[in-house]
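In the part that follows, the structures are each spelled out as structure tokens.
After this come two complexes, each holding chain A, first together with chain B and then together with chain C.
Coming up: the complex of A and B.
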């Protein structure tokens, strides 16, 4: 009996491949894995171009080599000192926003939920601006942005009476919360002395041109912790797309999973806003692209992170080059790309379906 | 019922008079209420008289006119869309008007001559987009979803405006005003350019009020009563575009007034549009002038953008409407 089962290799479920080596095996979903490969390839290409393009142009391949310390000294200095920090900030911000948007959309059961729509961006911005106007410690913006993001999310959740079952109410309540917090940001900027107001300006449009090193480091650490947590939560989240009763009967502890997903989303969004300001539409488009590539099954956390990073780096590249020497802030580029997609989503009849 | 209607007009009228007086007496500068009162009474020193009659009086006047236009436009738009959340600012009508003005400026036109016309055309485009969305299946049935679509349109137009301003630095300073919304620094003369649009818009509202009120019973009933639903809606769209476009040409985009005013007016006199309109004419100026006074006092000696204050007043109302168990259909 035992020899019979050992002889026949188990057939993997459709859509997955079985990787086996030395008695251990791993079930790999084919389409999401392919999506990750495609996104990584695209990301490397866009990063190379982004490092190469600038006031002194380089060949993409040489720019990529220079990023790793190979090639002429001046090129290495140019790329590593000037262009690499900006690219890193863009990658981190995009990945964080992609993950935040994906988790929020699954929890809210709505493809339109983004940190921007439910007021998290505005909360983080208001608190971060308050910290720039008031406190001047290097890590203050990140800490305050986190607090602001959590406050806004809690407000929207509490006022809407839950996220999953109330349809669009969560989003429109979030819109209202965001409007109040945005007004508070303007209030702070008007009251502040002109230098402090200038220092706080990047948070109001969404830009990568003023990346404070402290918040970038914090974002890197936060993302390193949040991404594995998101992958773990993501496996549970797939059940949350079913009605609450069904998910519970399948063994998911619905309130706890929801809370964990929201916490990860708030951490990602808050830290990202502290670096790049509000880039809300990234969190809308990146998860959608990841889902399109990875197929309807599962919650593509890694794919959303890669798509977000790709989007922000590409948008920053476009903003720097299209209207040069004027630099269009990356927040405006993503808004121009994301808003039409948002409108199309709202108007297409299929958008009533949950993600 | 009759006493309710009387109070519904008396209350806002008294409040408007009080707020208007406060607008003349209070300010961010040095002229205090006592000196200003002397100037209002016809006496007082030269500085006080100048401050009251050359600075505070014009902006109060502009606030009254803009507020009335926005309040009425909000009431009409809500009745025509049968949606208590339909607000010109939220649905992208104001954003359309302000984007059109910026476009005219960037293309080299003069704001003084082309501004009002461009703003009305932009508002018309924004209004048409909002209604096209409201008529779509699934979107129009869900008032809350329409607001999200409007927010998306506003966001897109706002980003376009910002890009235009970035590319053309010359006009940036001239235009910044149309992007935020304010009644400060507007002289009464700027009202003249917008007066025709406001008058025609008001006239149209008077014409479509009765058919629109009948539409709240449903298209079929309204047709049975001898009204033409399509023509009534078209008239409403034109009226809203004229009112909001003209108001935006004077004061820039001011959000949430068209949401708060009909909300309060319905609380005073009930849901019938014909009864809602008169108090709206009074409540709109009340909200705008009150917000303007607050904007002067909050951060003395500086002033706040007016739109910030109206957002602080209006967003809680938005949350309150959405929080109701079922958003009531109009």
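Coming up: the complex of A and C.
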């Protein structure tokens, strides 16, 4: 009986739809696809509200239209000039951190692994602050943050003897590397003249109010390259959730895949920190939310990017409105959201399981 | 094509040729040569730390030998494309842990990875292989259950089913019965015996000598990274071998059920001077505890 049905068209695995033609076949996982649809809908809604809220309130629908150049001139100027850049920065930073967190968690086989926890954020921050305190060129924060992120990651990897089967070690060593680099940031801020220290302040708390255009543009370009790369690596990464020996025996070139995933994570995290400063908990919460929505199969790269963007835009919106006209930095809001999750994770036995 | 008889891959033989492997200054495998033939179940036995798992890892191209080579039907395994090698040799490492939330079916479907591609994500052959593997491991009724809700024996069978779905002529398993009770261990051995009888080359690392003698066609005895004996259980397993392997005085009798050797340990005995002595430090720790 099975052979007959199999000869006609194979039954796809549960939870997937199969598209096939001329010997080729694609599997569309239903639940992750639905998760993406839901996240996009939520994201559009939050973006509309974010564009509408401010010193001059608009209706969300009109704000969204104004963002695309429709409606009254004054509204278009207000939205496009003043509010859209901030929203774009938030979207990009959130998406980049969501992807970076997801990739790191799979590589380290630990839900606690984030660019913040393995020292990548601290490295990027320290280098970015150094560049603001020292040199002032438009692209300097991005370049330096990227260099800092890569340095921190290389240090943690080198000292831990690779991310290999010792994911836990990588995490612990990364914590140490992060602490040292965090101390360097503090030292730089203390020793710098007050003006320079002020200019570097956003990088030490995580804020979207600075959003220099150069780093935002670089982040956009970086993400445009990194996201497709992450989706491709994500297919291979699904195998890395299995033990190394099994993954290798199934044909994965484990060290190569791991290195590619780490490289994409470092690029995403470094460029994001150059724009918004350390928003560490986004990289912790967004992948968890994406996995929750997309289910246990596979590695939800697009979902994590959307969840990260949603989180940062919503947190920024909350930070701007809760205590208006005083603005709460987005980093504080995400920390408030992320910390309870972190505590729950540390107390829950799930933290020991492979993500 | 019918699915009543499971499809079995074309037979392949795997050969280790003078394989030397080590970490840093420490040499773990001292030029091992072993030939593993289709249709045979080979058990690798030996004391803890003798290099059993390392040998299996070298056979599964997890470790690159310092010298020597692993040959699949005469071709060097490490020179084959990763995907082709993955269609030839399957490995189940020790105490494998499944990712959180995966079902048995999800896990077994992972086994099809080397047969799939970006534009060939699910074929009729994939479905047949997964169904056969689930049936072979007697897990078809549990396919939708999360792996972490299974009993130890079922979980181990799920991993074996994944390796079976991989449809490789060679199957390597590292202590698949390590944490299983008597009944579950028996089931796993019966399954491995069946897989070998169907024509696969099956290699299994085990500690339980009685089961090894019962189910294996051939035993490879390893001590300190060297093969000190190799052959059919009846010819190989003697009190002398047990003493050389484990420093244990033992009586070997016939298994009342199968007639294969049954090892009855008597007491720990001083090391037999046929091999290099273990490091001093190790011995002292032993005697204190």
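One rule holds for everything that comes next: the second predicted complex is superposed on the first by the 335 of 355 C-alpha atoms of A that agree within 3 Å, B and C clash if a C-alpha of one lies under 4 Å from a C-alpha of the other, contacts with A are read in each partner's own complex, and residues count from 1 in each chain.
One rule holds in what follows: a residue touches a chain if its C-beta (ideal position, glycine included) is under 8 Å from a C-beta of that chain, and two chains touch if they have at least 3 such contacts.
From a predicted model like this one, the values you see are computed outputs, not experimental measurements.
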item	value
Chain B versus chain C as contact partner of A:179, first or second or both or neither	first
First (chain B), second (chain C), both or neither touched by A:14	second
First (chain B), second (chain C), both or neither touched by A:171	first
Chain B versus chain C as contact partner of A:249, first or second or both or neither	second
Which of chain B and chain C A:88 touches, first, second, both or neither	neither
Contacts of A:342 with chain B and chain C, given as first, second, both or neither	first
Partner chain(s) touched by A:23 [first = chain B, second = chain C, both, neither]	second
Which of chain B and chain C A:321 touches, first, second, both or neither	neither
Contacts of A:80 with chain B and chain C, given as first, second, both or neither	neither
Residue numbers on chain A that touch chain B, as the complex places them	112, 117, 159-161, 167-169, 171-173, 175-177, 179-180, 182-183, 186-187, 190-191, 205, 281, 323, 326, 328-329, 332, 335-336, 339-340, 342-343, 346-347, 349, 352
Residues of chain A that touch chain C when the two form their complex	2-3, 6-7, 9-14, 16, 18, 20, 23-27, 235, 239, 241-246, 248-253, 295-297, 350, 353-355
Touching residues on chain B, where the partner in the complex is chain A	85, 133, 136-139, 142, 144-145, 147-149, 151-153, 155-156, 158-160, 162-163, 166-167, 255-256, 298-299, 302-305, 308-309, 311-312, 314-316, 318-319, 322-323
In the complex, chain C residues that touch chain A	1-3, 57, 60-62, 82-83, 85-87, 89-93, 96-103, 105-106, 109-111, 113-114, 118-124, 126-128, 131, 144, 148, 159, 162-163, 166
